[in-house]
Amino acid sequence: MGSMTQRNILRAYGDREGDGMVQMSFTLRILPGDRAREVAKRFAEAHGLREPLVTAMEQASREHTYFVVYGHSQHGVDTSDIEVEELAAQPLTRDQIEEQAKKLGRKIVVVGACTGSDAHTVGIDAILNYKGFAGEKGLESFKCIDAHNLGAQVENAELCEKAKALGADALLVSQVITQRNCHKENAAALVELATRQGFRDKVILLLGGPRIDHNLAVELGFDAGFGPGTKPITVASFLVERLVGRV
Amino acid sequence: MGSMTQRNILRAYGDREGDGMVQMSFTLRILPGDRAREVAKRFAEAHGLREPLVTAMEQASREHTYFVVYGHSQHGVDTSDIEVEELAAQPLTRDQIEEQAKKLGRKIVVVGACTGSDAHTVGIDAILNYKGFAGEKGLESFKCIDAHNLGAQVENAELCEKAKALGADALLVSQVITQRNCHKENAAALVELATRQGFRDKVILLLGGPRIDHNLAVELGFDAGFGPGTKPITVASFLVERLVGRV
Amino acid sequence: MTTVPVEQEKVEACRAFAADIADDVQRFIDRHTTVGVERTVARAYGVVGADAEGTPLANALVDRIHKAGQVGRGVAYHLGRALCEGAASVQEAAEMLAFSEAADFGPGPSAAEARGAIEAATREAIARIDSARDEREANKAAHRVGTAPLKYVIVATGNIYDDAVQAKAAGFAGADIVAVIRATAQSLLDYVPEGPTTEGYGGTYATQENFRIIRRAADEATRDTGTYLAQTNYSSGLCMSEIAWMAAVERLDMLLNDAMYGILFRDINMQRTFIDQYFSRRIIARSGIVINTGEDNYLTTADAVEKAHTVLASQFINEAFARRAGLREELMGLGHAFEINPWLEDSLLFELAQAQLVRQIFDRHPIKWMPPTKFKTGDIFHSHVHDAMFNLVGITTGQSIALLGMFSEAVHTPLLMDRYLSLKSARYIFTAARHLGDEIQWKPGGIVESRAREVLDKAHALLREVERETLWDAIGRGAFGDVKRTRTGGKGYSGVVARHPEYLNPILEVLERSSS
Amino acid sequence: MTTVPVEQEKVEACRAFAADIADDVQRFIDRHTTVGVERTVARAYGVVGADAEGTPLANALVDRIHKAGQVGRGVAYHLGRALCEGAASVQEAAEMLAFSEAADFGPGPSAAEARGAIEAATREAIARIDSARDEREANKAAHRVGTAPLKYVIVATGNIYDDAVQAKAAGFAGADIVAVIRATAQSLLDYVPEGPTTEGYGGTYATQENFRIIRRAADEATRDTGTYLAQTNYSSGLCMSEIAWMAAVERLDMLLNDAMYGILFRDINMQRTFIDQYFSRRIIARSGIVINTGEDNYLTTADAVEKAHTVLASQFINEAFARRAGLREELMGLGHAFEINPWLEDSLLFELAQAQLVRQIFDRHPIKWMPPTKFKTGDIFHSHVHDAMFNLVGITTGQSIALLGMFSEAVHTPLLMDRYLSLKSARYIFTAARHLGDEIQWKPGGIVESRAREVLDKAHALLREVERETLWDAIGRGAFGDVKRTRTGGKGYSGVVARHPEYLNPILEVLERSSS
């Protein structure tokens, strides 16, 4: 009937609908005392917490105090206008993937690496290697996939070389170290390089890691992003769908 | 020199000056997934957290998900304009208290209770009883104090009666149960009753409990408030100073 | 399973002292009734409803009889008499007795006549308990039942509908038992409120309708998860036996129920409490409900190292009272707690010793293990670790029912998230240390063994003393929980009544004939 | 203290296999040097400074010699020769050799002559290590030193000045040892950066100046709290021995230092690593620094239940290498970790078994106990509990050095608050369970004992195999950490050089004569 978008405001839930209860913890450069408690309260209030209760205030160094605060958050999120691709929502089954991939008439070539100075292989191994992750075998185990795992500490340039040499359909990049956003810089640099080398449009670029999500990956110029707990089949499913289309 | 008030903005401290790092946790009525992560991020952003990182997203019921988020808080507190009485700052010593109290020419009569339906005696006992708290003896142990502990579950009316009958200099009220602010109602009701009965100005009203602080107590019409970890000597010190003046 | 050496003769001596102590009180109990007991009888006979102010008919009825000085004959007598005299039903009889000018509390028919008139209703009353029991048991049989330590969590929103949401969430998150904590003031109310309630501080009122709402939620959770979600509440305070009856007919699985808690922690009159606990436990025994005693509370007011033996001594006494009310050991969830100052060197060894000792002495009992509360602060992170150690001792010493600690203990009654995390942590530790207890043997003469011996010795000495002075006087001088109470002090004393020589209580008679 | 049965003959057999394994490699080591070793020698002789691009003089010097194909004679030879030929000082000699057209790497004076020229500088170099050692020891003697398990925490802000703030905070909060984690890429750098650094990802660069800044902060914390705050860093990667030398002269107390870690986890060439580790440990031994080996890392890539024995086998190998470099057991902090899937039934028993086994086999060694990391998630509350179990096993089995877990392990390098809470939790558990280990005897033939036996058996079998195939090949097939490396693969291979028959390294000679 009418096409009014329904607003759906989500607020935090403690133990009663609408109570907005949230918990915060933080450290301030101040020593504990009545004044510090007041400062912590105001700090919490600045975040939109009503009636903040400072439940812990402990000196953590000669200058710092650690606080725990509870309070009723005044904020809500309008969920009606949030659109997010749920990549993991309904992956194809292994059989569907193999079946669908046949249409391609050749194997899907994927090249993966953990790039830059990042030495964390476990994530990319989990996705690519036969052994897989949490009982789910990696891309290597798919008949339709030809998977190359370059390991860790791989420079972007090296990855691009290999990708071109192997005629890769997809590049799978893992980034685990994220301190002060070094993963973003490194990931963006790869996209730039691939663009400069003129093959950005010919490959699917996937980014993964514990602090990656789809939106971030897309922002950085990738086709998709995969976060913590990703299963290889979700990635295989995504690749097949991109390359051949939905079943 | 100039009398410019110096602004002193305190921000949260994670591991680098000015990083503003804070942690939050909360529950939302939504199921885990990419969309929920986005909602949680926006929720955190609404509180002023920049680059929020959703580190935990676990289903806690058929309808709810529990989240942990870290982010860089944009908020700061201007500490230059925060004035708080530090009641516990420098209490008198036991000897000073006894000495000073002699000027009164009689004992200080205090009547204490945990009021309303609140049955938590441990706090008021800690302040009043000889045995005291954490190795510090209670008001009963002071020669200059005549302490009456009415225990718990005492109605405001009963407390007022006793106070009048004993000629109390001070009423000490403990409130421990605070769910949906029942302590505030109960405490405010006492002030009202004492006012109605015409002796509010003749006594010192002290409020105490784990979720009480000085500001709150004053707001509720008490003379002072004492929070978690209060020592009896701080209370004794406060009373003597109020009744006889600073040493 | 790990063991500490327990001198069996000493344990038997403790039981013998406790028997004497309880017998002394039981003689008093058997000669008295209370307004609470009589209201329970009325409810069992089917007296329902409340007036516009919310005063339950059971109260109006018993209060009137009390005013007439005739409670000593038993409400069953008065109802039976009214039936003899033409009332069409127990309900009608109750209404008449409560409100009618015509009500007559003077000399009337004999007790035997009244008993005859109410016999059918007596059978129905018992049948109602029995059929609820059967339904509970069928329900449990049809589902997976958790393994010990059973994970017990509390909900306490104040609003029964929120409580239902939280109870289901707890089931989803792995709870085996859910308790709806009562509102702060309820145990001092001399009536049970009517209907569903949505406003309570520190908890939610226990009402028969609230029991039903939570039972429904727990049954839904049971079906949803496949694991039986048990329900518990408080049979404590001035309405101890009424609540026991409501719990029995509404299929609750457990009840907080202690022979002395009300005296010590709610300042309820001793005589009143002893009489009420007896009748409540008679109902509980028939219903097959597991009681949880409240010795853990002692350690919130007294020191857990110095006064550990008072917990053990009290458990012997609670056991003796429970036995006299017909409970078998399998229904006696004796309570104890992890309340030693966590910063004390080797506190964990002391906790292990106590938990182990209680486990061994009460080996057939579904021991109820309470988490740290007193030393909790608002540092929720640290609090969570403190609870982890409690969980570890629980699984290691094979406790039966573990009331899981909440990291927000010093802050508020638990939020949904707090409970979720508590259950997750318990699940982790119960799994990771599943057979730790089987693996450990304690060093002979070590700290754990010595501590266990010391606690038993002191409990033995205390029980001997209490036996000599009687329980009345022992409580009078603060033997338990550092709290002193007098025989005629405290709330609800006016509701204690000596039984008339022809006191009539056919329900109690049936209960006294049956064994649980 | 609790024990598991350990077959002594099997342990001895393991040590014998490890001795053979290490001897094979040691023969290779003794015939080679590396650019890293030679840069270290240069630094020890006092070669300091860097050019505008930040290339240290030690690098410019050795690179030039390497280009000339003369590293095999030893940098000491070239420096000595330059001194013979008129250079006023080692520094001048180095500058000349690095940059001057006149530098001559062709045939020159004999090794004996060069040795003579540099003899005074050799004595000074050794004296510098010795006096730093004396200063460290005096400092420790003047303060309280923590009791085992020593509480070890990491700081890793990327900015050395923030690190200093955090290090002091850690001391305030009760840490015994503070480590400044290195920036992600540093171990692959074939030079040590100069000066204080304020930008690093995942950690802060190890530089000599940064070492000094943290030493100063730690000394301040020591004076402030009265408890000695030890400092540690990483002697790993392509600059293994240079960093060992810097640590020795800057009074560090410990160093992450492993004979194989670089090979397996940083893909550094095997030959390079073996040679470098030897020289680094010679310095470490003289300096009295405690090494921490990195076997814990195996369990981040391999399964901690299946591959537990690889940790033990590797510890025997690390021990054998360390012994060959003159380290006494009291300086061998062999590493192991609490990395079993926490959701596995009885995982805690398995952890206890492993921790206990390692403790007993390496009874004089300051065992380094690493916390859970792999199974950590961003659920910081649960993570805190997981660490608590680690702490419990640590105190129960008497680990020497406990690297405390951080609840934010899966999120970020620790914040000040995270460290504070971690220390608080460790303090609680170490106190509450202080004598738990003394109290426990394991059930004969139980899970713990059987597991300990199994792990030793498997380690024994693995060592036998490695002995047969040599360590080179064993690593080649992925015997450790499920990682495979080849003999000539990996980074830094080009820096490996066969020693000239007249190879000169007077510092190494002194170190080889002294015993730690």
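Should a chain be cited, it is by its letter among A, B, C and D, assigned in written order, with residues numbered from 1 in that chain.
The rule is short, and it goes like this: a residue touches a chain if its C-beta (ideal position, glycine included) is under 8 Å from a C-beta of that chain, and two chains touch if they have at least 3 such contacts.
If you're wondering where the values come from, they're calculated on a predicted model, not measured in any experiment.
Across B-C and A-C, the chain pair carrying more C-beta contacts is B-C.
The chain with its CA mean position farthest from that of subunit B is D.
Between subunit B and subunit C, the centres computed from C-alpha atoms are 34 Å apart. Distance between chain centres (mean CA atoms), subunit A to subunit C: 50 Å.
Mean C-alpha position of subunit C lies 59 Å from that of subunit D. With centres defined as mean CA coordinates, subunit B is found 42 Å away from subunit A.
Along subunit A, residues 13-14, 21, 23, 25-27, 53, 58, 64 each make contact with two or more other chains. Residues of subunit C in contact with two or more other chains: 156, 158, 377-381, 410, 412-413, 415-417, 421, 424. Put simply, subunit D touches subunit A in their complex at residues 156, 158, 165, 168-169, 172-173, 184-185, 188, 201-202, 224, 265-267, 300-301, 374, 377-378, 410, 412-413, 415-417, 420-421, 424.
Residues of subunit C that touch subunit D in their complex: 342-349, 379-382, 384-386, 388-389, 392, 407, 421, 424-425, 428-429, 431-436, 438-443, 446-448. Subunit B meets subunit D in the complex at residues 13-17, 21, 23, 25, 53-56, 58, 68, 70.
Taken in their complex, subunit D has these residues touching subunit B: 155-159, 162, 166, 377-381, 408, 410-417.
The touching residues of subunit B, counted against subunit C in their complex, run 25-27, 58-64, 66, 116-119, 121-122, 151-153, 177-180, 182, 210, 228.
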